[in-house]
Amino acid sequence: MTRLTRRAFHQLGLGAALVSTASGRAFAQAPEIVIGAANPMSGVFAFAGVEGFEGGRDHFEFVNRAGGVAGRRIRYVNEDSGYRVDNAVAIFTRITSQHQTPVFFGDSTGFQKAINPELNRRGTTVMGGASFASEIDNAQAFPNQWIPGPNYSDQMRVLLRYIAAQKKGASVVLVHSDTEFGRDPIAAAEAEAKRLELNVVEKIVTQPGSVDVSGDVLKIRRRNPDYVIFHGYVLQPIPEFMAQARQAGMTSRFMGTFYSTDTVLMNRAGAAADGYMGVSCYNFDATARGVQVEAIRAANVGKTRTHAYYQGWTNAMLAIEVLRRTLAANEELTAVNMMKHARALKNYDTGGIFGVPVSMVNNSFPHGRVYQYSAADKMLKPASDWITITAGA
Amino acid sequence: MAVEFIDIVETSLAGIGTGSLMALTGVAFVIIYKATKVINLAIGEMLMIGAFVFYGFSAGLALPIWASVPLTLVVAALIGGLIERTMIRPLLKDNPVSVFMVTIGLTSVLIGVVELVWSAEPRRLPEFLPSQPVLLGDAFIPSKTAYSFVIAAAAMAVLITVFAFWRGGIALRATATDRAAASSVGIDVPGVFSFSWMLAAVVAALAGILVGSVGGISSAMGLFGLSVFVVVIVGGLDSILGALIAGLFIGWLEAMVGRFMGGEFKLLATFTILLVVLVVRPYGLFGTHEIERL
Amino acid sequence: MRVGTAKQSYAADEGLFKTDTQKVWFGLLLAALVLFPLNGSSYWMFLAVLVMINVISTTGLNILTGYTGQVSLGHAAFMAVGAYTVAFFDGRFGTPVLLNLVLAGAVAAGIGYLVGLPSLRIKGLYLAIATLAAAVILGFIFLNWTPVTGGLRGLNVPTATIAGIELATPDRLYWLVMPITVVMVLAAKNLFRTRVGRAFIAIRDRDISAEIIGISLFKYKLMSFAISSFYAGVAGGLWAYLFRVVTPESFPALASIFFLAAVIVGGAGTIVGGIFGAVFMTLIPEFLKLSATALVPWFPDASIYLAPVRNIIFGLLIIGFLIFEPMGLAEMWRRTRRYFALWPFRT
Amino acid sequence: MSPSDSAAPVRPPAARLDVENLSLQFGGVKALDGIDLHVEPGSITALIGPNGAGKTSAFNAISGFYRPKTGTVKLDGVDITQVPARDRAKLGLARTFQNIALFRGMTVLDNIKLGRHAHLTSGVFGAFLYWGRTRREEMELRAEIERDVIDFLELDHIRNVPVAILPYGLQKKVELARALAMRPRILMLDEPVAGMNREETEDMARAILDVRDEWGVTVLLVEHDMGMVMDISDHVCVLNFGRRIAAGSPTEVRNDPDVIKAYLGGSGDPRKAALDGAAMGEVA
Amino acid sequence: MATTGDLILEVNNIEVVYAKAIQALRGLSLAVPKGKIVALLGSNGAGKSTVLKAVSALLPMENGLVTEGRISFDGETVEQSAPHKLVRRGLFHVMEGRRIFGDLTVEENLTAATYALTGRSGITPDFDIVYRYFPRLAERRKSIAGYLSGGEQQMLAIGRALVAKPRVILLDEPSLGLAPLLVEEIFGIIARINAEEGVSMLLVEQNASVALSIAHYGYIMETGRIVIDGPTEKLVADRDVQEFYLGLAHKSYRDIKHYKRRKRWLS
């Protein structure tokens, strides 16, 4: 009995090995341009990774249908990083060793920081990523990377400026997770609040993976702040937090940054998420006009797409734009050349993805807008105008 | 900032509420440990799969609560039995570290299964607990905390009563004391093993439904098991009473630390307690001290 | 049974390699390691470096868990200590690479020694949980001791530079990591030819009788913790030079389980088992990923659906080995060798 | 060259052991109650008694595994009661166990080498390099063990076999070999022939006598096999219920009425007594 | 000694191996006739307990395996049976060292033994029979069993067997660690149970004299095989038995000759 099953077990292993070796064959090299990506298709960030991947994929299909970039088709090579730095580095190394890869999409702050010295050393690949980390928004330290939107600190600034415009001297509570991601913009947010004469009455740090918010609700119930801003969550505790806060008689408004504002997840949360406000640089307005937003709608009939999808799409769009400009200038696809054209993006029309023409400042596009979720319509509705963060203003 | 008395009371009550869920999951852990001497690192994931099965019935198939809960518990029992039969029993005679490692592998398998079927996205369970907050004097208790505490307490009361008066409880305790001797008096020991895993899976699933209803569900919710681990070590691996008391205590401690020191200190506090207990009383506060002889 | 290769002296019988065949195999392995970079793929070089780092770390855990019988769930935290040490010294003082690596090992060994202290009172799985607690506490220190660890941002690591040559790519780093790996694995093998290694095994097999024959449990358990952490520290240091950034999230708790799984899948208590385990566990996810990629032409969404499948297979591998092949790959390797040794005359 | 052609083994002098008023308790149950025991240097002394009489407890207290409640243990007149077990090994106290306590995962040779652990000095750095002093020490150890122990006990054919797969009798012998490798001055054997057949018992008895004669070691043993004990010991001490009930030469002990009673129980016939009792019970 | 039809238990030429390597029994046979007490004697480690565990199918729990031979209980083979099913068929093993459930009370221990009645219709648990044979247990029925004295624990162990209403009881070293008087008392009760309840017994003992005093038939084993057997009267009269097992004179171990030592080589 044991021997038989052991044999079966070995055969299983053999089978897996055969499948593996049969793979990995490089496809015929056409004059394609390969764009690589490590996306977290599994793990806690899979919800964003899958959307982000599909956003990129759909954009490249859209470009390829229109004949590609300067007649060259785009080949998008994506692998699952599982949101782990070493996996992502391995993926980067493999894809770039198998193909010339002028552009690569990173999956996380950790990875983008880890790979940065290598990017700078190589000078052959530029990177757009899923990270909005303030640290990466630094053209000196990260000369070959861009952020497809405002960094987390700027996202906070957008929210705080909106608050300041709504109510002078409003009280604010910051709730963030105890991760690198979660702590990123807190210091900047406090400074901005001080400048705007807002009153940060409490900062709450939660353990990653912690699901019970009742203690935290209690913590701020008696203060009943005007606004509560979440950062560093993949939505999970937010609807519950709101529901419990409502039960507790609080009248605060709840807000969040990019990944904490996800349409699909909020649709699932339903009524509990009603009224939640989030910052985004992307145009979720159903009536928005532009080539790109219309292409998105065409590719997603009957589907609601999230931030992450727009972020994937935007990264792809920026990549294509950079490639187009570099090739049009008849220059080699080196990092220096590509980033030169990237940094030359001033008042660039994003085809409706951003509501305003955008300019690259440092490595990011510091534009944003506050949306409010309507449970009845199952969508995010604009709550503010486009706000552009400029230094010192 | 002055600490108000009412603040302490409210935080304590909320902590005890969470603690009751840790205690319930801890009881599931202890049932397995008592009967099979297996340290089940996958207890958090068993809780998770219970919560997702409930999600499948209540949200996926849109069944009413009164049908979803029993169905979930039945499915959980089957899963528990399946795990015991296929992964645990073949190794029971081997050294305990092997079985422990199997439960680590099981962790990975269960997370994979959940992500395969439901994806890794966090989800919310349908609301089924009353949403009126509970007021104890001036102290405010969030409704879900209050009701899940009541349900967890009731479940534990039922379990304790059953173990005290039902003959099967004696069989379980006899098996825990001495497998060979239990076998020699006619107790179906493999049956007891299966039963204990099934029962533990049911208890864990119930805890999962409650934990999920409070904080939503995701493939990462097995992390809850980490705190449960601390609970059972502090209480004593083989003591149901220990799991109860330590569960409430750890829940309370986490709430107090979170409230007055900040959330980043929660794990530090619990694991420091864990370390202290391990060094001072390696068998836990209520666990059985096994005398080692030559 | 192998037909006798009679030996003339005890020295030959006590040798590192007991037969000529073993020496030949080892020579071939060294040659393969030297020639490997000829494959020219930087991806393979990256993987090779990663595999060897994992081999060092797994060998360290094997010394503690496989040979001394003390289960540790905090091994990755010691790697993190090593990585931070390298990042700190190289980044702050620009000290030489080899010194940094020795420091990485030494600091990790020191902390390992401290973490081992509870092992004198608690055993088995309780000890495993104590190491888990230690890892959590170390993680808290990494996150909050900002002046040294860079807090949540972590530290950047300069390129490893030896004699003016920058080892910036895996292709070059290979020539640093490979010799270190060979030396450390051989050192571990040597360890178990002497009284120290025997004392470890004695403690694993039966700690009470070890004490009776005069082995100080106190000394040797802690020594095992320290040596194991030293290996982890050096591996972590090399890891830092490979990834060039160290953050509190670089070494999650899951990584400790990865190494434990590598020890088990490879075969606990054999040096070759640690190597097999590290190689296998590092490459399996890569192979699975390749499989998923291969399926894309037929199932465009394969990479989405196969991601959780990878988790499942990972878990099933651990379970499968424990149930069907508890002695691990090392035992399968031994059987294979025996089979071929007798090959035309099957038994 | 043959490994056994070297000088005679190192022979430390035999030790004297004195145990006085030794008591031991397990959670309220008295395992030993004021035992006295005197073992002459170079003698074979046996500790006997029915199951549960406290023989093994006495052994464990003497070898330092249990801390006695009262009493002293003296080795050559030096009080070692407070010396931890592992340090007693260095003083020349070696023992075997009732349930074989070999290291099952290791070979016979490694098990025996471990016996000498406390006498070796090389440290961890030497071990990594396996060079210089460490290498020399290991080589000397090997040569010495081959000559003094493996040859002496005729274990050469199994030296590279893992102990776990050896038959019981051989395991017992390997344990003796390991104890000898400790260069004992007093050798404590816990049931050395338990479970052996006549032939194996003879072999072991011979080995014990040889060890005493050739190594000049004091031997203290616990044994059930009365026949063997009475034959090979110089002195016998009988325990029952944690007390010493007799001590003296084998002949003296054999004829002691208390000993006969302890071993044979009462003189009556339980079946008959029981049936009588039952009959009486029915009447009453 | 008897025809097969009269045998409740028959062990035929069995071999037992532990951990796939250590052979514990080598071709051992014995038989227990209905209604009789059979004693199995031998020194420590001779394999007596192994025989009982092989019969009651508890061997696999200790990583042992019957590799050869056949064991039949009441004409049916037992090898493939789960131990608890054997108990329910009426074969009860009172294990060495008593193995009572120390955390449970006396009564709960007896309740646990009622699992032996599962599937046997028409039998109701009867604790009174236990208290009748062992009145001392009746007084302590609510006590935690772990706090009983050694003798009381042995009584409880036998009491559990009584609750199970077996047809054969395997008794492993009931005298272990008990004072002589108590041994006599307990053996007396064992003999009574045999006589009054008609239960057959296979009794393993180191204390040969007390065992032979109540047994009808005896086997003596050494290192895994039977060396002598016969009705008790015959055994007690046997010189070898007197010599080796009842502690009387024999040829001295001092006189065994030395084997000549050879020079040896490494292999």
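We call the chains A, B, C, D and E, going by the order they appear; numbering starts again at 1 in every chain.
Just so it is clear, a residue touches a chain if its C-beta (ideal position, glycine included) is under 8 Å from a C-beta of that chain, and two chains touch if they have at least 3 such contacts.
Every value quoted in this text rests on a predicted model; they were computed, and no experiment measured them.
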Inset, instruction - Quickly list, by label, the chains bordering both chain A and chain C. - result: B
Legend entry - chain B reached from chain A - shortest hop count over touching chains: 1
Legend entry - Chain located farthest away, centre of chain E as origin (C-alpha): A
Inset, instruction - State the chain with the largest centre-to-centre distance from chain B, centres being mean CA positions. - result: D
Inset, instruction - Would you mind pulling out the distance in Å between where the CA atoms of chain A average out and where those of chain E do? - result: 73
Legend entry - Centre distance in Å when chain C and chain D are each reduced to the mean of their C-alpha atoms: 41
Legend entry - Chain centre separation (chain C, chain E; CA means) in Å: 51
Legend entry - Centroid distance [mean C-alpha coordinates] between chain E and chain D, Å: 29
Legend entry - Junction residues of chain E, two or more chains touched: 265-267
Inset, instruction - Specify, in ascending order, the residues of chain D that touch 2 or more different other chains. - result: 3, 65, 97, 101
Legend entry - Contacts with 2+ other chains: residues of chain B: 115, 120, 264, 267, 294
Inset, instruction - Would you tell me which residues of chain B are touching chain C in their complex? - result: 39, 87, 90-91, 94, 96-98, 100-102, 104-116, 120, 229, 233, 264, 267-268, 271-272, 274-275, 278-279, 282, 292, 294
Inset, instruction - Please name which positions on chain E make contact with chain D in the complex. - result: 19, 21-23, 43-47, 150, 173, 175-181, 183-185, 187-192, 195-196, 206-207, 209-210, 213-214, 222-223, 243-244, 247, 250, 252-254, 256, 258-259, 261, 263-267
Legend entry - chain C residues within the chain B interface of the complex: 71, 118, 121-126, 128-130, 132-134, 136-137, 140, 143-144, 208, 257, 260-261, 264, 305, 307-319, 322-323, 326
Inset, instruction - In the complex, go through chain D and note every residue touching chain E. - result: 2-4, 50-52, 151, 154, 156-157, 160, 164-165, 167-168, 191, 194-198, 200-202, 205-206, 209-210, 224-228, 231-232, 241, 261-266, 268-271, 273-275, 277-278
Legend entry - Complex interface listing, chain C residues touching chain A: 41-44, 46-47, 50, 143, 152-154, 156, 159, 168-170, 243-245, 247-250, 252, 285-295, 303-304, 306-308, 310-311, 313, 320, 324-325
